[in-house]
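As written, the chains take the letters A, B, C, D, E, F, G and H, and residue 1 is the first residue of each chain.
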Amino acid sequence: MDSTQDRLDLGWATLDTDRAARTGDPEVVFGEGKTADQVVAALTALAANHPDRAILATRLAADARQLIGSALPAAVVDPVGRTALLGSPPKPSGTVALVSAGSSDAPVVAEAAATLTAFGAGSEIINDVGVAGVHRVLAVRDRLLAADAIVVVAGMDGALPSVVGGLTGTPIVAVPTSVGYGASFGGIAALLTMLNSCAPGVAVVNIDNGFGAAVHAARIARRPTGGAEDRTRVP
Amino acid sequence: MDSTQDRLDLGWATLDTDRAARTGDPEVVFGEGKTADQVVAALTALAANHPDRAILATRLAADARQLIGSALPAAVVDPVGRTALLGSPPKPSGTVALVSAGSSDAPVVAEAAATLTAFGAGSEIINDVGVAGVHRVLAVRDRLLAADAIVVVAGMDGALPSVVGGLTGTPIVAVPTSVGYGASFGGIAALLTMLNSCAPGVAVVNIDNGFGAAVHAARIARRPTGGAEDRTRVP
Amino acid sequence: MDSTQDRLDLGWATLDTDRAARTGDPEVVFGEGKTADQVVAALTALAANHPDRAILATRLAADARQLIGSALPAAVVDPVGRTALLGSPPKPSGTVALVSAGSSDAPVVAEAAATLTAFGAGSEIINDVGVAGVHRVLAVRDRLLAADAIVVVAGMDGALPSVVGGLTGTPIVAVPTSVGYGASFGGIAALLTMLNSCAPGVAVVNIDNGFGAAVHAARIARRPTGGAEDRTRVP
Amino acid sequence: MDSTQDRLDLGWATLDTDRAARTGDPEVVFGEGKTADQVVAALTALAANHPDRAILATRLAADARQLIGSALPAAVVDPVGRTALLGSPPKPSGTVALVSAGSSDAPVVAEAAATLTAFGAGSEIINDVGVAGVHRVLAVRDRLLAADAIVVVAGMDGALPSVVGGLTGTPIVAVPTSVGYGASFGGIAALLTMLNSCAPGVAVVNIDNGFGAAVHAARIARRPTGGAEDRTRVP
Amino acid sequence: MDSTQDRLDLGWATLDTDRAARTGDPEVVFGEGKTADQVVAALTALAANHPDRAILATRLAADARQLIGSALPAAVVDPVGRTALLGSPPKPSGTVALVSAGSSDAPVVAEAAATLTAFGAGSEIINDVGVAGVHRVLAVRDRLLAADAIVVVAGMDGALPSVVGGLTGTPIVAVPTSVGYGASFGGIAALLTMLNSCAPGVAVVNIDNGFGAAVHAARIARRPTGGAEDRTRVP
Amino acid sequence: MDSTQDRLDLGWATLDTDRAARTGDPEVVFGEGKTADQVVAALTALAANHPDRAILATRLAADARQLIGSALPAAVVDPVGRTALLGSPPKPSGTVALVSAGSSDAPVVAEAAATLTAFGAGSEIINDVGVAGVHRVLAVRDRLLAADAIVVVAGMDGALPSVVGGLTGTPIVAVPTSVGYGASFGGIAALLTMLNSCAPGVAVVNIDNGFGAAVHAARIARRPTGGAEDRTRVP
Amino acid sequence: MDSTQDRLDLGWATLDTDRAARTGDPEVVFGEGKTADQVVAALTALAANHPDRAILATRLAADARQLIGSALPAAVVDPVGRTALLGSPPKPSGTVALVSAGSSDAPVVAEAAATLTAFGAGSEIINDVGVAGVHRVLAVRDRLLAADAIVVVAGMDGALPSVVGGLTGTPIVAVPTSVGYGASFGGIAALLTMLNSCAPGVAVVNIDNGFGAAVHAARIARRPTGGAEDRTRVP
Amino acid sequence: MDSTQDRLDLGWATLDTDRAARTGDPEVVFGEGKTADQVVAALTALAANHPDRAILATRLAADARQLIGSALPAAVVDPVGRTALLGSPPKPSGTVALVSAGSSDAPVVAEAAATLTAFGAGSEIINDVGVAGVHRVLAVRDRLLAADAIVVVAGMDGALPSVVGGLTGTPIVAVPTSVGYGASFGGIAALLTMLNSCAPGVAVVNIDNGFGAAVHAARIARRPTGGAEDRTRVP
């Protein structure tokens, strides 16, 4: 085996133990396609490598969440967002507003909230303010303006980011969700809406990818004010 | 040839001379795929069959518009909407609000406006009030409420109908346009947005189909107040 | 929490309690992606806000329908259309013809019928008159002409609206259904057929969206004869 | 070079000179992607190999049609269907009804008509009887019933084959055309409609493939009445 | 209710009792989307209307097949093809060769075979002769040439019809199947292959539509030798 | 006309003159679908409304660029990026690294660079460091780490953002380009790659949307260090 | 039945018993769409025909694997790769490097490994070296260079083959996997990435097709050094 | 600028001057999206860096081919394949059979042939042996068996690789072409056919990518017989 200090070879996996040094955050366990045993093994190994930083696992099936609950009692497991967090999260710095268009978007909001915690940003959650009742989002404009970055989560027509994008110059990350039916095509409709937003500067992540949006937003929110040089190790 | 009173066989075409009796409106000449000569021949034949009602032609290429201009000087030709109207339009009854999200949607707005005229409805045009500056559409809410039906034309993210649909209970027809690029896929993005509108009751027509939206809206706007029975001939 | 008179903040949801004032109809509970508990909570809260108007819930899973049956015995639950109606529906005005191409389209017809009731329009249901036996639809032309609006529900080839659209000038809303297999692609084939209807004025809603078609049609059918001004509140 | 009696190697092409023996009809020159010179060379070589049977070329660009006109004056060139026919066609046997939904489908009808001639079947052409005026196709039912096979050509909603298929048990081949715009997607809408026809027994060919439909229909129409054994050579 | 001699109104369905008179074959019960009770009711009603002709039901779920087995013991139920046949099929005339590319295509072959029986044509079944071992299909060329029509069933690459189409001039109907994975996209790959066949005259039906291919082929095979006039009733 | 201080009604357009107050940046002229005259009129009107801030126009056709050159000689026109900039850009603050995978991505890089200027961020351009020679991007890692945000532009396989995303924790915006052919589908391949990036936190914009990526990145780079409160006007 | 020495007719299947003679390898049993009984019957018959060569079965459902385990105890069954191998595999010659981007790609890696064994090539497995930690693949470059062919397995963004393709001139076969969610569309994203690889010479197989990639790679790796002439029988 | 010995920074491009050392072949100039001047500059710079090895340019527009002809008279320009070759190609070793299904595939064959020359493999070209006349490919089986690798080029149904793949165990690379119309979707149909080939071991490249197929095949054909170790530099 050729494991070294910058990676850990488990045979079935090669953990990137150098990632925190390069990017500021440790590797995350992506639960899909892994057995419950593999999830626990990866979580355990990464936690051992990062004693001072929480390790996040996402997209956990029910059996993986159950095994974590019994094998790693220190982990915080969220059944709605299907995440687990093992270890102490960083002290949050900055704030990300996390806005959803409908209450059915809850699982994606939960995944994003757990990720913000793991990546060290604070969050302000505003649920169910879709554009069919546009006064609801207009009413929370002050809370949006107070944030360092905004994550907008929407399914069906995916129109909310375009409206939010016209109300503020804060960087916005839009997350299309698979909420809908028929010609929503599992979230494609919302994804295309967001990619074609008439409000400038809306960036988009994969369907239901609350995780990715939160990573991007957290890195904006927690940016040090003194310049970019010290953020990560330059080898 | 088996032409009869309810159809006119031109060999290359079988005109539906009975359509006005069945549906209240004569057949329209669809210009795409027809030579300029065919367009003029169809317009002439239909006009002869409907001496008291304007005949509309849509999707006219430049050569067809030019030939109409010289061969049928009485026709009103619109180069923006690519339409021609030959004969006297009906006296308008009712009003359709025709709202666009961006100024690039102008050709579709023009096609819809000409169609409203041909199908006997009045129109109120409101241009370029897309949701990236949502105060623009909120400011015209009174004009929307005064209409009998609303046609909303939008490309790119196609989000405007969802906002309009939350402001009023007037029947709305949404027209996606091919304005946009990349992942707008020639209007598919806007089409899907509108089909998935979170505002209830938004009905949709084909991409760039200002004609079809206007026909639907005109038939709502001009409905007689005394009941449905007398509207069309029951054979 | 920032709830006000025009919205009700439940934490996980922000109910649009102002919608009836703006659009003439209260918010509807969209059941997909909600737990049974959430559906019942939303229904209960909206009913409390609209004591004189029925609240509709759609796309209810079996467990939600069951919980409504036990927790809200006054609700009328329809297992075919997967709807529930809580409270007194308005007195119907006008008539919508609800026409289906095949008997397998029944769930969409049922959702549309419940929605017409909730939105205050009468309905005339005509089942299974698809174009492979075109005499069936020709035989009911009188019933179609007597309606104020027509909803046509069809899967597979989705051809029925084009035939109906040639028989009458009444406004038509077409609903593609997911009935079919293979290259029907879950209703895409019927959707595209309807968007490309050669009969002018056919407007379309999302696949299996009996609800949306009925809202659009009900708003046509129930329109007051004396003008548009009084329909909704102008703030 | 390894040319033999069953193929002719031109270097850039390997003509299938055995095809008439195997299938009853010689190879056809597919014009797309060939230079005008290549088209003329292939036509000439195939005609030399089949002195008693007409050779067909399809999808000819303007320059190829022009060169054929000057280099092979005996050829019959059709600019609408973009075909050329060199040599004597077989005596027609049987009849194929060739029905179009709209006058814009003319190029596909013309290609099919030339192919029927080349493959030895008679034709009965009925233009522009789309379902928006369904009385037009009902009026020609007798002519449809008199045919041995029916080719139905339609763009936009592609609904005509479903209606024709309910009127007769004659074998039907449906040809979707690229007539339409927006969500017709260059004929995909009509193609899907036809593949999902609610009338049983409708078979479909590629978009704008009047050639293929006519080959299939001609082989039905011209079938000998005495059994299948003698139709083609069994080596 | 407006039932007449040419249709039978069951409330939830309008049976086309005139179809046999118009097309030569009675209506078929399409099982998808119907309850087991509805399937049995439709079968019973159609059988009562056509005492001398078998009624076919297709796409039957397990519960429907079971209920038919107990409620209609005279019916012949095929679990592989998911069909039922109630009543005496016509005496077969002509022969259809039914060729499959792989043994996994068996359900589609079975549906086609039952349909050929119900529609009065003989069948010759040749299984698993896909082009990866092209000698297999070359070896059965005589059996193909003896048929009046050929149905070719293939999934994955869908290449078999192109090879068969080069071996014979007999009319070919190709059936793409959903056999495959990944980029077969549930049969789309095979469908597109067949629509683009380089062998002329291949007509195609929907994915897994063994029924439709068999109807088309049976109507070719059983055609009377004395002309088309007597085939169906001209009203 | 109902123009007010927060919008300017030109009849064919409703300029959003309030946008800078709400979002920190004035409206941009989107050139597609506008005539050259309309582009110049919109540029002129917006410049008059924002005397101290440059106005950007994008996606300018050749005739629009030419007319701007003659009618507005103060404008800076870039034929590669198809942009124009009229007025003084803000003093740049912060730095955005603008990285391309191939030299054919130049037009998108140019559009992004002009936008960064207009939106007040500095830029560091690194061209043609695609992953087929991965040492090229590894060699510039220091320049990437020095940036406040990174825009990665790539066509074809779109793989570069995933590699960059593993080298740094700086916020990354990925721009898929339409560079490629065949199964690149005009940039869809690269778009999907980026949406599925295995490096966390990559956000994506529309195909060829250098403008949108630059707006998002500029807003990150220029963020004030003292908190979010003062960034935009709260009305 | 017309079975001969080059094929074996089982009625429901026509085994290609000549394939090893033509291509060097016997037919493989494709398990999808076959019953467990059919899988065992095909395995048994092929093994009887090839007493000196292992027979492979792929895509085996759980019941088929179980029946093989009990009925054919000599078979080696792999539940991860869903394969079975019956008989003695050839002595391996040459080496194929089998590289995966993530640990969730394990089933495809396992199917490929079993296939390499069955087709007579050695394998070198390197797991979980995706490009988000590009140092992992750079660290194993020597192992890649030592191989005769490389199979690269990746889901999500599918970017790994482009990086590997820039590190070596060894022939590469890329396998997209269905690992991912949302806009990965079941592996389409990775498939398109690989088809558009900016590294020259990357060839691609179907999504999750570890089998096909391994066959291609094994045939490269095991090629005799003395020329191509003796590899397979020329009849 | 940070150019070094392993890359050459031209400002608008970063040439990978180390590629030949890593992969055995120098970088190729991809002409699409480059100006004629850029193509000539890149060709010149790469040729200067590789004095003993020919440099290839592909996908050259007419103006680029013309400028190369005048500015670099030593280059060999092919207008059919749209390639240029500057410098001495390697002595060919091994043979690649280059097989096309139709004569319209000629441009892709020409691009592949030029690439085989540039990458040091011999070629054996066999044109127009598509499966509609399957005897044509059976007749050349000996020539296929004599090759070290086979490139099969086909448009429309893309069926040829499946037949070739059943005739030989030689590694096959399939190239789908954009030849076809309608539902060929610019080569998607052929691409899907090839990805789903029922013959094992067929690997596929992008639509019209004769270049990529030839690189893969050349690397197979020219492999040294004494092991893999010496093929490329291990740094």
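Keep this in mind: contacts are C-beta pairs under 8 Å (C-beta built on N, C-alpha and C of every residue); 3 or more make two chains touch, one makes a residue touch a chain.
Keep in mind the model is a prediction, meaning the values are calculated, not measured.
Of all chains in the assembly, those touching subunit F and also subunit H are G. For the pairs C-D and A-C, the count of C-beta pairs in contact is higher at C-D. When the contact pairs of B-F are set against those of F-H, E-H or D-E, over half line up by residue number only for F-H. Ranking all chains by how far their C-alpha centres lie from the centre of subunit E, first place goes to F. Per-chain CA centroids place subunit B at a distance of 36 Å from subunit D. Averaged C-alpha coordinates put the centre of subunit C at 51 Å from the centre of subunit G. Work out the mean CA point of subunit A and of subunit B, and you get 45 Å between them. Residue positions 16, 19, 102, 132-133, 165-167, 180, 182-184, 188, 191, 195-197, 200, 206 of subunit F are each in touch with at least two other chains.
Under the contact rule defined at the top, the touching pairs of chains are A-B, A-C, A-F, A-G, B-C, B-D, B-F, C-D, C-E, D-E, D-H, E-G, E-H, F-G, F-H, G-H. Contact residues of subunit B toward subunit F in the complex are 102-106, 127-129, 132-133, 135-136, 139-140, 155, 179-184. Here subunit H touches subunit F in the complex through residues 2, 4, 6-7, 11-16, 18-19, 27, 30, 32-34, 38, 42, 59, 176, 178, 186-188, 191, 206-209, going by the rule given at the top. The part of subunit G that touches subunit H in the complex is made up of residues 16, 19, 22-25, 28, 95, 141-142, 145-148, 165-173, 191, 195-197, 200-206, 211-213, 215-216, 219-220, 223, 225-226, 228-229, 231-232, 234. Subunit F makes touch with subunit G in their complex at residues 101-102, 130-134, 138, 156-159, 162-163, 165-167, 180, 182-185, 188-190, 192-200.
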